[in-house]
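Chains: A, B, C, D and E, in written order; residue numbering restarts at 1 for each.
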Amino acid sequence: MIWPIASAELLPLFSYLYELLESTGLPQPWLAVVVYTFLAALVFGVLSLLALFLVWWERKIAAHIQQRFGPMRHGWHGWYQTIMDAVKLLQKEDIRVATRDKTVFFWAPVVCFVAAFLAYVTIPFGEGLIVADLNIGILYIMAVTTFTVISLLMAGWGSNNKYALLGGMRSAAQVVSYEVPMVASILVVVLFVGSLSMVDIVQAQAGGIWNWYIFRLPYGPIAFCTYIIAATAEANRTPFDIPEAEQELVAGFNVEYSGMKFAMFFLAEFVNAFTVSAIAVILFFGGWHGALLPSWMWFLGKTFGIVLLLMLFRWTYPRLRVDQLMEFSWKFLVPVTFANIIIAAWFKYAGWYW
Amino acid sequence: MLEVDGGIVFWILSFVILVSGFMVVSLKNVFHCALALVLCLFTVAGLYILLDAEFLAAAQVLIYVGSVAILLIFEVMLTSKLADKRITQSNDQALVGFFICTLFAVAAYLLIKFNTIWYPLAKSALPSDNILTIGKYLMTEFMLPFEVVSILLVAALIGAIALARTEKS
Amino acid sequence: MIPYLALAAILFSIGLFGVMTRRNTIGILMSLELMFNAVNINFVTFNKYVVSDGLVGQIFAIFIVVIAAAEAVVGLAIVLLIYRNWKGIDTDHFTVMKW
Amino acid sequence: MLDGTGSMGVFKDIKNLLIGMRITGKHLGRHAITLQYPEQKWTMPERSRGVVVLLSDKETGELNCTSCMLCMRACPTAAIEIDAPRGEDKKRTLKVFNVDNALCCYCGLCEEACNFSALKMATMYEYSTPNKGDLFWDMKKLQEAGRDVPYEDKRKKKKAKPVEAAPINEATPVKEDTKTDSPPPDDKASDTAGKEDEG
Amino acid sequence: MPELRTEEFQINMGPHHPSTHGVCRLILTMDGEKIVKIEPVIGYLHRALEKICENRTYAQCIPVTDRFEYVTAMSCNQVFSMAAERLAGIEVPERAEYLRVIMLELNRIASHLIFYGVTAMDLGALTPFLYGLREREAIIDLFEMTCGQRLTYNYIRVGGVARDIPKEFIPKCHEALDTITEKMSDYEGLLNENPIWLVRTKGVGVMPAKLGIDYGVSGPVLRASGVDYDIRRDDPYSIYDKFDWKPSVRQNGDCFDRYLIRLDEIKQSIKIVKQALDGLPEGDIKAKVSPNFKPPAGEVYARVENSRGELGIYIQSDGGKKPLRVKMRGGSYCQLQALPYFGTDCFIADLVAIFATLDIILPEVDR
């Protein structure tokens, strides 16, 4: 039994756990079930903590941009404020609209939450620190993240509220149109690696900062820019957060949600932000590669750097209007990314890339 | 990877496929039907993975769930009002239809099971990297259909825009 | 192999049932998608168990998926048009050939 | 690019977007200008109009109020209630002096109307309560609250200046330095306010 | 092919909606995301201020006017005092006039800073809001130092002002104005050239000048449409004619011009305050007025230019110590009633932008 998730740094811990499991005398198939359940719980736990940390971090960044303090009450600079918030949301009354569509209303946050976490099956947190290295890696992530849209549509419909419905429809239109430039930006990298597997993509960038695709590829920076714009839109963050848009749609699709259901949407949003940042790091910034520090630290550090960029976007720019958003995608991003692919393909064909 | 008997997974998946598929054609609320369709298509993707077609599974989810189902849901939202009275979806011939379809299914099953001689292949395994192979096929043997499909897609895109856009007076 | 084909056959008949009995146009489109999927399952199954080499079945399935997407787009555009003109999307509305 | 200014517009737009990022990024490194309220407090300016208090004579410790009722008449919301029946020697004795802080609109007209330095709007502001009835302050509470409030005695120089209160000696500026987050710890106003809270 | 129709639906924007700046309800008829019809519903904040004034003496009315338009409460104090002074024929000392102008203009700057922040926030940029409030805080501190209150000042009185400024006011005021002048580059850098901001505001919600005049719109909103009309210059009150300044006018009448014109006005106001601080004479700060003075019977209408247009007060007196009738006229009301005529045929997001750049204060509408 080889642990699929075991980096050089964490291997001793995992092998010890495995021996412990084996000593209980479980048959092999059941052992695998236990192992994978344990892994799922581990990834889920780590990601929930990461999301909570991101919430806190975003509040801190926002506060300091605006020359405030942000949360300061719980612990050092309020570091466990978000945990307390989560506990509070758990305890809160679950307010349900009487005219809601019961099934849809209930399942929407669940689908959103699950979809947000599904992507982490193929994201390598460090060298060998990956649950499953699928050969369709990046395509798989693109595929499962579309469930977020379904969940937003479900929330919009299930709430039986016009604002929520508008939010859901906006999100559908937005995500469908930004998926195209996002995939097209990713293709530029995939073209050079020749594989969809996440591990292969990262391995191709081994050695030195100049091997990172943002520097190494022709038009790498442009691909990164288009990717990060499309990713901001996919993660529903300002300046593309029109499905929520407090000032227009009050809170869009999650206007009728409260308590734990709201918390699920909220956490999923931050997990999504982390996902797109992690993909950006894997594609353009060399994934876990880096000197001295353990690989997972490099990965997390780089990802938080990209998340910081997303946060700066959020707290600097006004929000686009819904039709301008579409126009921007179809009239600017799509042509640019397609041209980028053609140029990159030419480079690849001619063997010019360095 | 996970060493679970493929048989159990198949039965679970097919159960979900059939139940959700029946929900698609029998539920009163069109929105619920669309969601059932999403579930059905997603489980079909799981079936593809069992059949060693990972790329097809990903494409299924990406295209069906990510685009077609969203389009359908969008359409439902555009065309039926919220808090609408449930739209009548079945007609008087439902029972007859059900009977005919059951007959069709039984006949098909009998044909498959008893009346056809299948030639089970010598277990020459599928290509290990099926994405690579599909890519090669699309660029060599199936080049022409591939291009034709792309033209079809463009035509569909333009056609849809032309149909749905409002005329500026 | 037989269970896969049987599953596909039943799914196809479910889709057929939907196409025959639904009055709502979107419902009919959804049933059509079910039928497409049943066919796809068949192709992929044959690809695994019958064809000795290559991935021709999967390629066919991919083409079908693409064509289903195109069909959905055009079909839904037509549905939208019908809705705008008749304020409803039941098949009962389709009583004229042109307007 | 967004407003269709053509291809050259893209670079201009990117430049302007980066300018915005630079401004917010610049602020990210700066220190917060807000205060952690219950622990740290601003120094209230001397003229700040907080809650109404009754002032007492510095030597005798008795109320300065002469029951002239001017403040009661000046009050636009009738928040002040005075009952001072004339005694046998035709002099009024103050029996009831109530201020309903729920009605008070903090306009400061009563303070200006008073010619005897009998009441003042002190700089204290922390008297919120979950119970509306607690906002009704009677004479004892008002006197207690005004015990340590510094004031300028107007009684000696009768009607010298009608309403204008000249700035008192060490009138502290509003905020010493808005850039620091910790005001001087021993702040008189907040000290008295704190006492008030306990009382 | 007949004209294509789509389903219209109604949506209630407000009374509890984040971008209606209070409790205003707009009944929107929507065609998808497009707005076909707007129907404002007002009155959720009605407090009968005019009636309350009729039961107060003139001095007691001033705190009531503070609540009329609380973002620029100084203007309300000023216009009521002006009306009462004209009624009773009271001369205001020169120093008081200077102090009044300083306070009015500082208050205008504070109001426009709020406008800057709130408009940016309504369009999704949250940071400018805090920046705008940060500089406003400096001005509010000046007010608190002078009159003791941060929002409801009750500072400008009939016959003068309530108190003289403390001695550290002038250096502090210069400092605050310099900070604002310096920070203006930040404000402009964040939004003025930002392409997202430009597409969100340029050409959106154009109010034709004629429509504005027809519906009594005034102030920055009208000046953004190219009408050069400023009460401070055209019907001079107080001592505005002594200073060197000019009203800012822009031509397009869209949201972007309405936004820019406020930034221009901040600069003009800084200019006026600086001149007033330099020329501040010594002398009395208040004419001798009894608290319960009785103006002769008659009627008067006084108006000032506040940051939302013409702010007017009509007082009718029967010779008693209380006014017989008070009528308040605020700029926001006229802007809100013009909104349905130029705010339609745009997206709901545009309506938010238009509503924000009209800078409506609901208490002024509902009174």
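Note that in this section a contact is a pair of C-beta atoms (placed from the backbone, for glycine too) under 8 Å apart; a residue touches a chain by one contact, two chains touch by 3 or more.
In this text the structure is predicted, and so the values were computed from the model without any measurement.
Chain centres computed from CA atoms place D at the largest separation from chain C. Nearest to the global CA centroid, when each chain is reduced to the mean of its CA atoms, is chain A.
Annotation: A-E is the more contact-rich of the chain pairs A-E and A-D, by number of C-beta pairs in contact. As a whole-number value, the distance joining the C-alpha centres of chain A and chain C reads 33 Å. The centroid of the Cα atoms in chain A and the matching centroid in chain E are 45 Å apart. Rounded to whole angstrom units, the spacing between the C-alpha centres of chain A and chain D is 50. In whole angstrom, the spacing between the mean C-alpha positions of chain B and chain E is 61. Counting partners per residue, chain A has 65-68, 162, 315-317, 320, 324 as the residues that reach two or more other chains. Multi-chain contact residues, meaning those touching two or more other chains, occur in chain D at positions 1-2, 17, 20, 23-24, 27, 33.
Counting only residues that touch two or more partner chains, chain E has 1, 4, 6-7, 9, 127, 134, 190-191, 194, 196, 199. Those residues of chain A lying in contact with chain E across their complex are 62, 65-68, 162-163, 166, 238-239, 241-242, 245-250, 315-324. In the complex of the two chains, the chain C residues touching chain B come out as 1-7, 9-18, 20-24, 26-27, 29-31, 33-34, 37, 40-41, 44-45, 47-56, 58-59, 61-63, 65-74, 76-81, 83, 89-90. Against chain C, the residues of chain B that register as touching in their complex are 10, 14, 17-18, 21-22, 24-25, 30, 33-34, 37, 40-41, 44, 47-48, 51-53, 55-56, 59-60, 63-64, 67-68, 71-72, 74-76, 78-79, 87-91, 93-94, 97-98, 100-102, 104-105, 108-109, 112-113, 118-122, 124, 126-127, 130, 133-134, 137-138, 142, 145, 149, 152-153, 155-157, 159-161, 163-164. Within the complex formed with chain A, the residues of chain B that make contact are 1-5, 29, 31-32, 35, 38, 54-55, 57-59, 61-62, 65-67, 69-71, 73-74, 77-78, 82-83, 129-131.
Residues of chain A touching chain B in their complex: 4, 28-29, 32-33, 36, 99, 101, 103-104, 132, 134-136, 139-140, 142-144, 146-147, 149-150, 153-154, 156-157, 160, 162, 165, 168-169, 172-173, 175-176, 179, 196.
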